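Below, chain A partners chain B and then partners chain C, in two separate complexes.
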Partner chain A sequence: MIALQVLVSGLGLSGYYALVALGFSLIFATVKVFHVAHGTVFLAGGYLFFFLHRGLGVNLLVAALAGVAVAAALGLLIDKLVYLPVLRRGGGLFSVFIASLGVSLVFEAGYNLLSRNVLQVARTEPLTILTFGAVAIRVLDLFMAGLVAVVFGLAYLWLFRSTAGLEIRALTDNPALAGVVGVNVKRVRNTVFLVASALAGLAGVITAYDTGIVPDTGLRVLFIAVVAVILGGVQNLMLGTLVGSLCLGLLTAFAGLLFPPWVSVAVFLALILLIVVRPKGLFAT
Partner chain B sequence: MEYVFFLATVICVWIILSVAANLVVGYTGLMSIGHAAYLAIGAYTAASLNIFLGVNFLIALPIAAVVTAVFAMLTVVPLLKLDTFYFALATMGLNVVVADTIHNAGPRVPGTEGLFGVTLPDLLASSEARLGLALVLAAVCVAAAQWIVTSPYGRSLRALRDREDALRSLGKNPRYFQISIWGVSGFLAGIAGAMYATTLFYIDPTVFALTVSFVLLVYIGVGGLASILGSILGPTLLLAFNEGLRFVGLPSDVAGQTQQFLYGLLLIGLMIFRRQGLVGTYDFKE
Partner chain C sequence: MAALEKERGELMITKGHIAKGERTVRNRRVSPQLGILVAVLFVLAACAPAAAPSPSAAPAKPAGQAAAAPASGEPYKIGVTFPLTGPQAAWGTLLVPAVEMGVQDVNDAGGVSGRPLSLVVEDSKGDPQAAVAAMRKVVQVDRVPVVQTIFTNVVTAQMTLADQLKVPIISTIEAPGLTDRSPYNFANSVTMADVLPLHSQHWQNQGYMKMFAFLPNTSIGEIYSPLLKGEAEKLGIQYDEARFKLGETDFRGLVSRAKDFGPDMIITAGHGTIDEANIMRQARELGIQVPLYGSCGCITAKSYREAMGELAEGFTFTTLKYDPQAAEKFITAYRQKMGFDPDYAALENYDIVFMIRDAIARGGYTGDGIQKALSEIKDFQSIGGGTISMGPNRQTKQTVAMYQIRNGQVTEIQP
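Right, the complex of A and B next:
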């Protein structure tokens, strides 16, 4: 059955969205920055991984780790070099959003120059596929599912069972009060950017490995993640993000099957409808 | 020389569009990052009327402007209750939806991805005449916008932007101002779109993609928010600079990325150092 296959693909896609969405919602919930450049960070991990693994023949794992690490550093750098200066000079969160757009443009130009808009796929061998009747599941998808489970599990433990997580949740709730109570807001901010960007980089690496990346992919994946985050409820970091990502994965998979040229329209219509009708998402706290 | 006329005409089109955008972004505080959608409606309406129905361009233009104005007013109404962020996101979404819908289901000359063959009345067949028309339209639009912003209506717009509750306390309805100025902006964008369609000879949805809205943002951001002069300066300086890049000898594909790169830097620089732009008066603390 095609539908079942599409369902499986959709679930596979949601894994990527979930990683990006988790990072984005972490940043958005704690420091309230609409980090459009998250897509840029995603691509940075992917392109570096591609360059190292496919270009220089570096070992897969090493290249992947390098991609994740560089992405994490880039995310932090963007905050320090762009967002904080905007805020320090009297800009508000909307100005930060525009600056984030600027960062996206700058890097997209760079990626365009580097890749000449050719799809870069880092994989050098075909993927193993397991078949269950009429449904084919790729081993990579199973790996993604496992990875997402591990990541979300660790995130849950970190956010809800550790002091650091408590500090982060305090920031999502009331930043001023958190500072008063003694939370090192600067350090938490750095940690959030590092972790979120690492997650985006990881998603970028795997996407580069799986279906490849073009400079467009960053913004596209980002906006799908944004819809997922809003759908799940901006304040709900874990369950909301997961459910939102699942919904978006299924939406894009089925839209891709039924009406491919309209997938973007579907996603953005969903965004507009969500914002207008229920901005708090499904799991409003 | 032909080329200079073409460039000047394009600059006029962008001046009209920048004025349209600045009216809502700079003067009223409605952060629209999807104005290219309205440019598209104007362009496609005028071009379709002219190409498929043989309507004289000078009649198609005002029709396109009205259609765009109505479309703009209709699409903004559900968004007005949103705060800045979500409003901006929704306008971006609208841009993508309009461009993609035109791409998938919009009118096109068979065999191509877009529209071409807009015919002008014989009087306007030359590029000098087109430039003349563009200049006249730009002058009229600029004058109209200047009249609007210096009038009591314009004062209410700025009040709406800065202290909406103060405006309400005077008994004025913000919705009335928001919807009406959005309609004016749509009207101007429609004019710009129609002119754009004839200037470019060939239009397709990529001409109205989301990135075009970002470029528009750079133009009004650099020129200055809440400044009609800024809406003239911004596009003129940046478009001229763009063309200047050509003469530096960059190969054409690199030129595009260089422009994108510079615009990105400009946005960042503007946001950090000078949110009001060159001659703008609105330093948004948002």
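Right, the complex of A and C next:
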């Protein structure tokens, strides 16, 4: 029975990873940037939500939307003010990665200053749970499952049934040729960063409400999401990301049960095993 | 009164007002004649024979009454290494003001032989390494001969340094036996050894058969684990535990283990961080509905109480028993300063300031002098009523009680 309970917890966790992973995957696949600051964006959404809802008593939905919007804007700003200038000055993708790491560290220091590294949970009321025998399911987890289904459904329609999605997939396949055939690379890039950052912000908001956030939560969640993306196959934006997130959600949940201090080690081991056995991921294209 | 320049991390008194943090200088014009008169008075005071130190009972605490002229002159510095950042920082926010109030009250009542106390505050981050670095800084750079500190994992690391530097540390740690390990390690607190008999009696009366404990994976967990396990075994209660990492947010894996064990009750015994409240909340949200216990009065702290929210109802804990009427002036003053009532640790830390004051007065402003005087504390008048004496193991002995949250109120109960 305990395995069933942990399975339920794992599925709940995988929802957060899926939202962050989808955004990271979008950015990495299209513009080839290893966007470490994606964790920063996740936290920006979470901290703003905490400040507005718990600090100022702002309505939950309004505070959540504000968190998502600010996260989206921050992600776009990071691209425009940091990544693009680096690229324009002849810096390669590795330079952009270093710049992203720098942004992430600067913001983490800022979050440390603001929060003093104290856990911030954006609610005081307990979550509603549904009990089925010995298994308790949090209503929030059901909401998360529904949200992920909607987000991935919409993402699928957007990527595979719209012109904008076609442009994104073109950029994913061949950025140079996409530009040549008339894809507005700049507009697609902006859209990708906005959408991906909004997804990270959404995950940050819900995490702040659920278990709370500390300044290193962003990097921790990002790390797991990245492993999920690699597991699923970097180029496989949808199914690969979703399956990878599910696997990592279950892995971290069971690791949390069996050897709690070694959850990060478990994820590392999974990554190493993956790189050795199937470096292109489960759904490599 | 001469204005005192405030430096980063150092708290100073400026005419009855305590401020902290940024640099502020209050300039006041002093006429040359007045300056000469003050200087002459200082010289005369310095030439006066010092009062003989007395190991007898400490003088009554002013508790807000300014019976003598406010202290002035070169301050006696006390080092403070509290967590201002990190998982335990919520406590730093609550307790530094209590220490500041203690210093204010000491100085308003004339200080130590007319000289004020001042604080040199450094961030221990609740981390052993950072705490040692903070202690080195206040002792070796700021030259303080005594350090007020907190948290078992921090004190465990600092006490070796205290022995090396011959600078006493005094804290409110609740892990029994730590003060035995170092002649320079003092504690003013109730310990797990003091409260466990109350818990034990209560658990026996409740007829519990299975207990699950959540302990942090720090030194306090190492100390508490055998104590709880031993007590459970004595009572014939099945015991299991899980260690959590400070600063984690998702404890559902750990909580699932508790659920699998099927306990009659759950106890959290650690540093009183919000993590513990989070664990209990997540336990409830995984369907564990058993009674919740705490080994300390952490729920009296605002941050902990807020984190528990509605789940606090029925929470049972043990802590220092104090007389709210005796402590009324302190409670009122703290409430005015902070906007809410103090917790039990605030009272203990406030008392420590006065213990240090008395130790400097009796033993002199040196590490060894203060260490000897602290060892000799007898019948110290606590702000919470009653008197406290330092035991031979450098741990004070205090009255404890068991409490429960009933209808949102802290209610004393019999085990």
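The definition used in the following text is that the second predicted complex is superposed on the first by the 283 of 285 C-alpha atoms of A that agree within 3 Å, B and C clash if a C-alpha of one lies under 4 Å from a C-alpha of the other, contacts with A are read in each partner's own complex, and residues count from 1 in each chain.
Everything below uses one rule, namely that a contact is a pair of C-beta atoms (placed from the backbone, for glycine too) under 8 Å apart; a residue touches a chain by one contact, two chains touch by 3 or more.
Note that this is a predicted model, so its numbers are computed, not measured.
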- Query: Which partner does A:91 reach: the first (chain B), the second (chain C), both, or neither?
  - Reply: first
- In the overlay, answer first, second, both or neither for which of chain B and chain C A:268 touches. first
- Where does A:254 make contact in the superposed view: on chain B (first), on chain C (second), on both, or on neither? second
- Message: By the touch definition at the top of the document, which applies to A:217: first (chain B), second (chain C), both, or neither?
- Response: second
- Message: Contact-wise, after the overlay, does A:25 reach chain B, chain C, both or neither (first, second, both, neither)?
- Response: neither
- Task: Look at A:101 in the shared chain and tell me whether it touches chain B only, chain C only, both, or neither; answer first, second, both or neither.
- Result: first
- Message: I'd like to know which partner A:14 touches here: chain B for first, chain C for second, both or neither.
- Response: neither
- Message: For A:112 in the superposed arrangement: first (chain B), second (chain C), both or neither?
- Response: both
- Query: Which chain A residues come up in both lists, the one for chain B and the one for chain C?
  - Reply: 112, 116, 261
- chain A-touching residues of chain C, taken from the complex the two chains share: 84-87, 89-90, 92-93, 125, 217, 242-245, 247, 249-254, 256-257, 259-260, 273-275, 278, 281-282, 284-287, 303, 306-307, 309-311
- Message: For a test of understanding, state which residues of chain B touch chain A in their complex under the given definition.
- Response: 31, 33, 78-79, 81-82, 84-86, 88-90, 92-94, 96-97, 100-101, 103-104, 214, 217, 221, 253-254, 256-258, 260-261, 263-268, 270-273, 275, 283-286
- Query: Residues of chain A touching chain C in their complex?
  - Reply: 1-2, 5-6, 9, 13, 112, 116-119, 121, 123-127, 129, 131, 134-136, 138, 207, 211-214, 216-217, 252-258, 260-261, 263
- Message: Quick check on the complex: what are the chain A residues that touch chain B?
- Response: 34, 82, 85-86, 89-99, 101-110, 112-113, 116, 226, 261-262, 264-265, 268-269, 271-272, 275-276, 279
